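Listed below are the structures to be examined.
There are two complexes below, and they share subunit A, which is joined by subunit B in the first and by subunit C in the second.
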Partner chain A sequence: MEYVVSILKKFPLTVFALVVLTMPFWFPWIGGYGGLATKIMIWALFALGFDILLGFTGYLSFGHAIFFGVSAYATGLMFKHFSDEIIPAMIVAVIVGTLASVIIGYLTLKKSGIYFSILTLAFGEMLHSSALSTFGSFTGGENGLTLPDMIPSMLGIEMRGEVMFYMTAAVLILGYYIARRISASPFGLILKAIKSNQERLEYTGIDVQKYKLGAFVISAIYASVAGSLMVVYEPYVGTEYLRWSTSGNLVLMSVMGGMGTLIGPIIGAAFMLYFENVLSVPLGEEWLLVLGLIFMAIVIFLPGGFTDGFKLIYKKLIGKKSDGEEN
Partner chain B sequence: MNYLFLQVLTGLQISALYMLIALGLTLVFGTLGVVNFAHGALFMLGAYFAVVISDAFGFSVALIAVPIMLFIVGIILERGLIRFFYERSHTDQILVTFGLAIVIGEVLKTIYGANNLPFAKPSWGSGIVKLHEYLPFLEGFVAYPKWRLILVVVSFSTVAALFLLLQFTRFGLIVRAGMRDSQMLAFLGVNITRRFTIVFGIGAVIAAIAGLFGGPITQVEPELGMKLLIPSFLVVVVGGMGSLPGAVLASLLFGMALSFTAKYAEIQQIIIYLLAVIILLVRPRGLMGKKGLME
Partner chain C sequence: MSKKSTSDVMLDCYQVSKNFGGLQALNDVNLKVKHNTIHSLIGPNGAGKSTLLNVITGMITPTHGSVVFDDTPMLDLKPHEINQLGLAKVFQTPAIFPEMTLIKNVCIPALAARDGSFKLNMFQKAGMKSIESFAEETLEEVGLKDSIHKEARFLSRGDKRRLELAICLAHRPKMLLLDEPTAGMARHETENTILLLRKIADRGMTMVIVEHDMNVVFALSETISVLAQGTIIAEGTPDEVKGNPKVIEAYLGEEQE
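Now for the complex of A and B:
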């Protein structure tokens, strides 16, 4: 047990990459299927970026569906009107998502935590309802943007099945690597300081606003890449991508997994999608109720989420072991 | 003239519902400092209770029973859950009430299904009122649904009652003092905890009133809570968090904006969000926000 943990501590990235890349082999054992693995990777990327905002700075955004959805629409529109090559589509989508985040972040981050949560929620709903009606002629309105018989490709290779999975997995591993670097950097340290005491940080002469915006934009870039990949994986843009429930799901998975740990939200994303798609079969219609209860229990009793739970269990096991040795 | 009058009336009617929901939100926020994402769910619970009870025993029974039920639900929630979150961060408060909103929504969905429950208005509240018979300045035939007029009256009466309660009773005095400095009040030997519990209960009662009178004009379905929570939150923020007059003013503003843009659906869909962004850029504290509170 201690040996396993020491390996985890020494080579986190390698272990992570191995677990992710071997997913097609072990995931079917626990009832998963190929497509779900890809979907988990995409949501994990989304949640990973969100952790740089929520986990590090403590700013709870209820509008991250904006970047996911806007970039999904941008990707869909590129596929529809330009070509089925994913590289230009994804570049345009990420640029659009980033621009949106700069504007919205600038407008919302001046406010305290509550204002921020409510304002991001409001921006999200504004874009959702404008996609449904105001820009309905571009976005397909209530039906979403349908892309019939479209198979996105990269440099002529069709992006589906295993190819799509490994592409997404590579992006996730890269994203995880970058997030770890951010976490260890001075920039990451300042972000974490915002969470613990923003006022004190301001007194040291640091322009907190700039750093908050930085974290917001980085998390939005992750969200944009995820949104874009979602359309590559499944060439259709649903209106729910922009809806508050997408932001809400993101919050659920980040908190359940464990905020601020980077790996936590990834575990949370995997758990939630697994729950929604596999465990919902025995649970039936009530799966979301069960999930809501689990979420509430975690917020109340285990604010550190699953990762904190693992740590507690590990400590107990080690503690018992050392007791045993004494006897 | 007729057009203007009707638009104003519609605006009033739209703001009436926002006002009722925002009132409970801002009351709980202003006194307890808790951001209650489950308030929309409480409103929805009120609407469901109202449908079920008025189907079984008639609307007049529901009129008395639903506020009492919601008051009890509010007390239980405050004692059993919310009070443990006074000391925790606003983020945690938002998270736990968001979880609660999901759970309440899903429980209702499990029991009553995802579809709209028909809410039958009582006989004294259905039909239309021929306004031109009462208001001589209106030309020709002007009628308006009676229930919507009742909603406006109920909403403004609730606002007035709450205002009187907070401004002119001993209970209100203590609660207002508690909003300023609850610790000091506790030192003075006032049992502030019990009052706060009651305030949360009152917030739930206002949600029940909103459910009783708002239910027949909205759809009673499990998404209802979140649908109305978002604009109501905007009302609270635009009005200034914790400010009751601000919430009234902001809901009137939103109601009018929605009513006067009704001809242009593309603008109507986003008008309140646009208004909120503009107002908050000009006045970051909201229309009537107090300095130093929640910054």
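Now for the complex of A and C:
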């Protein structure tokens, strides 16, 4: 056990990449299927970026679906009006998502705490309802943006099945690598200090506003890439991508997995989707109730989420080992 | 350590007034702090000491008047801009980063000193070594070298103050503002703090201290300004202030002890 943990500590990125890349082999054993693995990767990327904002700076955005959704629409519109080639579509989508985050971040980050959360929620709902009405001709309104018979491709290679999975996995591994670098950098240190004591930081010569905007935009870039990938995976954009419930799910994943740990929200995302799609089958209609109970149990008994739970189990095992002879 | 300025005055508050609604907290306060001196600000409760300190650090804007630090006018500057000019504040209740280790607490101001108020150095790791060794030296200076990898929240109150002092020093400021640096300390801690502040001042640091404990004030200050009801009623060396009848009156009117 100690050996396993020491490997995890030494080569976290390699272990992470191995687990992700071998998913098509082991995931079916536990009832998963190929498409779900891809979907988990996409949500994991979304949650990973969100952790740079919520986990590091402590700013709880309830409007992160905006960047996921806006970028999804941009991708869908590019497919519809331009071509089925994913590279230009994704580039445009990420640029659109990033621009949106600069504007919204600039306006909302002047407030903190609950006011920031409510402002981001308001922006999200504004965009969601305008996607249904004002921009209905672009977004397809309630029906969503449908792209019948569309198979997106990259340089002529069709993006479906295993190809899509490995492309998404590569993006997630890269995203995880970048997030870890940010976490270890001076920039990351200052983001974590925002959560710890923002006033001290201001009186320490740091322009906190710019760092917060930086974190907000970076997390929105992750969300944009995820939103765009979602449309590549499934060529359809629904207004629910912009809905508050999408932002809400993201918060649930982060809290369940363990905020500020980077790997936590990824585990949270995987758990949520696995639960929703696999474990929900025997549970039937009651699966949401069970999920709610699990969430409550985590918040009450494990405020640090699953990652905290793993640490506790590990400590117990090590503790046993030091006073007994168990292997 | 501090650069030579054109005049020997480092901080110049000129006719600073502040009204809170109908209450006049500061009334035409003039305060000049000279280079390389320890200047104390004393006065009974509600005299306006904290208000003046908050005006200097940019937390509140005065109704009128001006504040010039090292030949730079400071009104309308944000707290981080004032700090980048070389003015660091030690708060009354220790303001630290509780969830972080001591070394990280001190790395942050060291980074702010090196990189300015904002730098998007997301992929940098190199250079942290020099920052860390500098942070370590600063922690050694305040006597916290043994616990650099401890989380700051586990420190005693006195050590938290030392840490905060280290945070302020790591920015290599030209002037330190200290808001009651010995409040809530035991006698031996107070004595240690006096020695520490003396040591820092002797290496060429200008300090403004707001303090209740007269032993600390008289042990450290070269100049004392006495605030009462928003105005400066006396100013001078410790001996001059001690014998000033106005000062005695202001204190006897307020405090019995």
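As a convention for this text, the second predicted complex is superposed on the first by the 324 of 327 C-alpha atoms of A that agree within 3 Å, B and C clash if a C-alpha of one lies under 4 Å from a C-alpha of the other, contacts with A are read in each partner's own complex, and residues count from 1 in each chain.
FYI, a residue touches a chain if its C-beta (ideal position, glycine included) is under 8 Å from a C-beta of that chain, and two chains touch if they have at least 3 such contacts.
Owing to the predicted nature of the structure, the values given are computational and were not obtained by experimental measurement.
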| item | value |
| --- | --- |
| Fit or clash between subunit C and subunit B when superposed on subunit A | fit |
| First (subunit B), second (subunit C), both or neither touched by A:244 | first |
| Which of subunit B and subunit C A:300 touches, first, second, both or neither | first |
| Chain touching more of subunit A, residue-wise (subunit B, subunit C) | B |
| Subunit B versus subunit C as contact partner of A:134, first or second or both or neither | first |
| Which of subunit B and subunit C A:201 touches, first, second, both or neither | second |
| Partner chain in contact with A:316 - subunit B first, subunit C second, else both or neither | neither |
| Superposition-derived minimum Cα distance between subunit C and subunit B (Å) | 12 |
| Subunit B residues within the subunit A interface of the complex | 35, 81, 84, 89-92, 94-96, 98-100, 102-103, 106-107, 109-110, 226, 230, 233-234, 236-237, 241, 265-267, 269-270, 273-274, 276-277, 280-281, 284, 294-295 |
| In the complex, subunit A residues that touch subunit C | 181-182, 184-190, 192-193, 195-197, 199-208, 210-211, 214, 218 |
| Subunit B contact footprint on subunit A (complex, rising order) | 58, 60, 107, 110-115, 117-119, 121-123, 125-126, 129-130, 132-134, 244, 248, 251, 255, 285-286, 288-289, 291-293, 295-296, 299-300, 303 |
| Residue ranges of subunit C in contact with subunit A within the complex | 57, 78-80, 83-84, 88-89, 91, 95-100, 104, 107-109, 111-113, 115-125, 127-128, 131, 167, 171 |
